[in-house]
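Each chain carries a letter (A, B, C and D) given by its place in the written order, and its residues are counted from 1.
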Amino acid sequence: MSEYLLLLLSTALVNNVVLVKFLGLCPFMGISKKMDTALSMGLATTFVITFTTAGSWLLEHWLLMPLGIEYLRILTYILVIAAVVQFTEMVIRKVSPPLYQVLGIYLPLITTNCAVLGLPLLNVQEKSGFAVSLIGGFGSSVGFTLVLVLFAGMRERIALASVSSTFAGAPIAFITAGMLALAFMGFAGLVPH
Amino acid sequence: MITALTSLTILGAILGLILGVAARVFRVEGNALVAELVDILPGSQCGQCGFPGCAGAAQALAEGRAPVTLCPPGGRAVAIALAAKLGVDADVSGVQDSVPMIAEVREELCIGCTRCFKVCPTDAIMGAAQQIHSVFREACTACGKCEEVCPTESVKLQPVPVTLHAWYWNKPVTQTMQTVAA
Amino acid sequence: MKLFKLRGGVHPEGWKGLAAERAIRVLPLPERLFVPLQQHVGAPAQPLIKVGEHVLKGQIIGASQGFISAPVHASTSGRIVAIGDYTAAHPSGLAAPTVTIESDGEDRWLETDSPSDPFSLLPEEIAAAVGAAGIVGLGGATFPSAVKLNLSRKNNVRTLIINGGECEPYITCDDRLMRERASDIIEGVRLIRYAVGAVDVMVGIEENKPAALASMRAAAAGTEVQVIAVPAMYPMGWDKQMIRALTGREVPADGRSADIGVLVHNVATAYAVRDAVRFGRPLVSRLVTVSGGAVAEPGNLEVPIGTLVETLFQYCGGFSEKPARMVLGGPMMGIELFTAAVPVVKGTSGVLALTAREIGSTQASPCIRCSSCVRACPVGLLPLEMAAHIRAGDSNAAVSRGLKDCIACGCCSFVCPSHIPLVHYFNFAKGELMEQERGKLKQEATRKLADERIARTQRIERERQEAAEKRKAAREAREFAAKQAALQTTTEVA
Amino acid sequence: MNAIAHSPHAHAPISVNRVMALVMLALTPATLFGFWLYGWPAINVWVMSLLAALLGEALVLRLQQRAVRPVLMDGSGLLTAWLLALSLPPWAPWWIAVLGSLFAVIISKQLYGGLGQNPFNPAMAARVMLLISFPMEMTTWVAPAPLGSIHAPGWLEGLAVTFTGSQVDGMASASLLGHVKTEFTRGIGLEQALSGYYAPLDALLGSRAGSLGETAALFLLAGGLFLMFKRIITWHAPVAMLIGVVVPALIFSAVSPAHYAGPLYHLLSGGLMLGAFFIITDPVTSPNTATGQFIFGLGCGLLTWIIRTWGGYPEGVAFAVMLMNAATPIIDHYVKPRIYGRNRKGVSMSIEPLKKES
């Protein structure tokens, strides 16, 4: 049990998907202007990542490996990801049209969020079991949501600051992201490998 | 080869089936957005945005063919409301509210031709043929149509005079210290 | 008596000693008085007199218009010389409709009959008398008092609170009034109590006014009126703060004090009510504090409404040094005057001539988020965040953070170490939003007009078409008939 | 005609400069003690930090074509550099101080628009940057050698230490937290690691190895109390941070004394006192409300303890502060004061119809 807890902590904080592994930077910069939107995006991504890590593990072990067609891995994973994203999009459009409007193009773009494809591939590389894959995926996406919301909070504040025109917008956001990564370095070594 | 093809086909078929069912379950009726956008727009059908009336503008907005800053009579307030509804980040700082204007009839020039009276979209001009027209202030949207048709340049848009009731504090001048110290 | 805990507030330097120790003086009658037709919240009064007419003191010159409004009376006897725009006591410096009276020097009252015992009147009659006397909240809110009385009676108000909290620095007119005319105030208080049928009556006076407390306690002895000392802090005179201190309850944000069974009136209002009900005398004068470091002889004056502020300064010995700023009202919420040639109105509690030293630094520097303003705000707002959003051009974000609950008391600006004009930001945003609101209302109205017009043009078009068709049908019928007839004639001929 | 001034027409006698000056005054005793304890090299580091901050800030302001003098005069840049200097190893080379100061005032402060707009505490951001980039220099400590004692380097020797990096023999030492962490990784228990290395009294008075300003716990405490007395800071954040460290330390050391150090050890070591009273009370990067500040302080304390106890770095204050800085906007978003006449959610209190009196 404590092993899984540590795994959760490790994937969420110590090996944060955005700040340490540098995956999923596109939505990290794109959907972090408002805290509420960031939280929704984080939750949608969490949903997608959790399902795709589970789904792709199942496909990997029950379909690709038995049939010996591992070379189709990326293709099948993307098929699963695209389907889950499509499903999420339909649900959000039905449940919350304003959120659908706000997330806009970034919602279908979860498909191309490299964290979503990267995490299942890393699981394969590390030969993780099903539970570890699932919990790792969930932890990673929680970490993604966490930094996305933290970052959005700071960007809301920076939007009110009188940043000089040279640095206003994306440049200062990148600097802030760098500082956030510095802060997350403090978690290094927290979970022994 | 065959295995690869079959397995992918079956996988695709299953996922497609699931999505197809989901599409039925989560169907969204119509596009309520356009109606909501029409409500935000002024509704005077003045056509200054270049679209045929407010409904046309709303359609264009919903399809992303027009910027939220398209409505001159609406000014900043409408631009902000549209941006919020569409969830876009519009740079509304550029849309300065033009000074509020109102049409005024210069009585010495008015010949009572009723042309302005006929084009006014909000019935803000009163009068009859061969009589001097006057503007009903509360109804004038300063769309400028009367100004266009007036043969004697008697109808002109004028800034609304500030009254004690409408006056409010200016925005404080912030000391951003943008000047180089001497 | 147990007092309830308050939140926020500041303790500015009081400067009360400048004017508080001198007895009330009556200002000699000025030659001309400028009486604005709107001195209250609500609709302006409608002028009832004509230029050239002679009026007596207390004669009604402007009639109340609508539900929330108040009449205006002549402050002295004399001739009406003008009815028109005159510079108003307003930061914009714009003009407002004003009646100018040239005094005849007699100061003759209009004869009125007054009841021998005001307590023999019906409560409704007292409220009517208060309304006819043009009494408004004299603490500065200038809300018509009769409206409050009627509302409170209908709401079965149980508690009457008389606000003796005079928290603005410099201002001491209520203090002097309580010291010198306590028994008259208490009679006014009892009249109000009778008029609304309240059970408990509490007079809250700040503890830094021991003399006023003592004289009010002496006057209230033996009556149902309780005089209670409250902490000295700003803004203790905010009616909702007084309610919280004395009852521990809060007025709902969307409601009025009557909703929790409380009615609040100022001490000066109570005094004016007594004058109105007992003697039938309308509100034509008030106490005004003249103070500030630049005034030679500060003091409290009894001033006819409509006197120019410059007359007050002259009577107080003029300026001992050039004032850096003239202020109408107290330093925390008063407005700067760029000319002293504006009239004293019903809501004027003081006029100040301040030196630069008293005002303090005004050079703004960046916000350091120290949250002094958050601690000082008596309402519980986040002034720093509201101002930051307004500065960035997003007034609506400030509304979602409570802009509309802001009472503009000035505590936040007062304590700000960066000297940021926070209240200025808020009033700007409130004005901007109000304008947007007006624009929206107008937009709705014009949209309706446009729709009606479209419907009408369509109808006209349709009718024209129908008429045209009818005409066509008729013509065809006629032609057909003619043809028939012609045919018949030919056959007949044949 | 001048623009009409808005009310209020009176102002409390306080200014940003005064706030900064008072904080610096409160820091002075601890700083002077540090100077005495670590001698001339420490003074050099301090001077270099402040100089670099002033020059760096002036340069950036010039580039942005903003007035230089009023910004430098507000004292915020100096205070930042001062706090940074206090968190550096006293015998650090000059370029560490300069680099840190420049990073603090330019990147973590002026790029965001200057005073009041930076999301992270500039001093702590700079310290974290230095610690990650130059772990060697940032963890080389010296044993105290009070000015005038035999081991203390003279003025010239001090210059040599700071500017050429020459080391005086036999002075290298480990800080308490660093020592314990190293011993742990070698598999040595806490009691053994601490024996002969840790005396609470020494820690209290500060005569042990550590950064320039962190060792004088007593002086820092006094400075913090002075600021509270002057109402520059409130008790919420500092007390919460101390609670955040002490409570878990108390619980875990009671359960397993061999693995977890007690509260006193945590309280008196590292930058906790400096952090609690001078860093997390930085108004710019901490929440607005008292409750928010308490949560903020508690978070800083807990994270400090977690990183110290289980993390890879011996000291966690700077990381903890930065992490909580990042969370500040969220705390502010959720913790707001209740508005008069409204409930916590901002909904107006209900208007109950009053009962008719019979």
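General remarks:
The rule is short, and it goes like this: contacts are C-beta pairs under 8 Å (C-beta built on N, C-alpha and C of every residue); 3 or more make two chains touch, one makes a residue touch a chain.
This structure is a prediction, so every number in the text was calculated from the model and none was measured.
Chain centres here are C-alpha means, and the one lying farthest from chain C is A.
Summed over C-beta pairs in contact, the chain pair with the top total is C-D.
Taking each chain's centre as the mean of its C-alpha atoms, chain B lies 52 Å from chain D. Per-chain CA centroids place chain B at a distance of 37 Å from chain C. The geometric centre of chain A is 33 Å away from that of chain D, both derived from CA atoms. If you average the Cα atoms of chain A and of chain B, the two centres end up 38 Å apart.
Across the assembly, chain B contributes residues 169-170, 172, 176 that each touch 2 or more other chains.
Looking at chain D, one finds that residues 6, 70, 114, 117 touch two or more other chains.
Contact of a single residue of chain C with at least two other chains is seen at positions 91, 365, 391, 421, 424, 427. If you check the complex, the residues on chain B that touch chain C are 42-45, 74-75, 77, 80, 92-93, 100, 120-124, 138-141, 162-164, 166-172, 174-175.
Considering their complex, residues 33, 59, 63, 67-69, 72, 75-76, 79-80, 83, 86-87, 90-91, 93-94, 97-98, 101-104, 162 of chain A touch chain B. Chain A makes touch with chain D in their complex at residues 35, 149-151, 153-154, 156-158, 160-164, 167, 172, 175-176, 179-180, 182-190.
Listed in rising order, the residues of chain C touching chain B in the complex are 88, 90-92, 94-96, 363-365, 390-391, 393, 396, 421, 424-425, 427-428, 430-432, 434-436, 438-440, 442-443, 445-447, 449-454. By the touch criterion given at the top, residues 64, 107-108, 111-114, 117, 119-120, 125, 128-129, 132, 303, 306-307, 310-313, 316, 318-320, 322-323, 325-330, 333 of chain D touch chain A in their complex.
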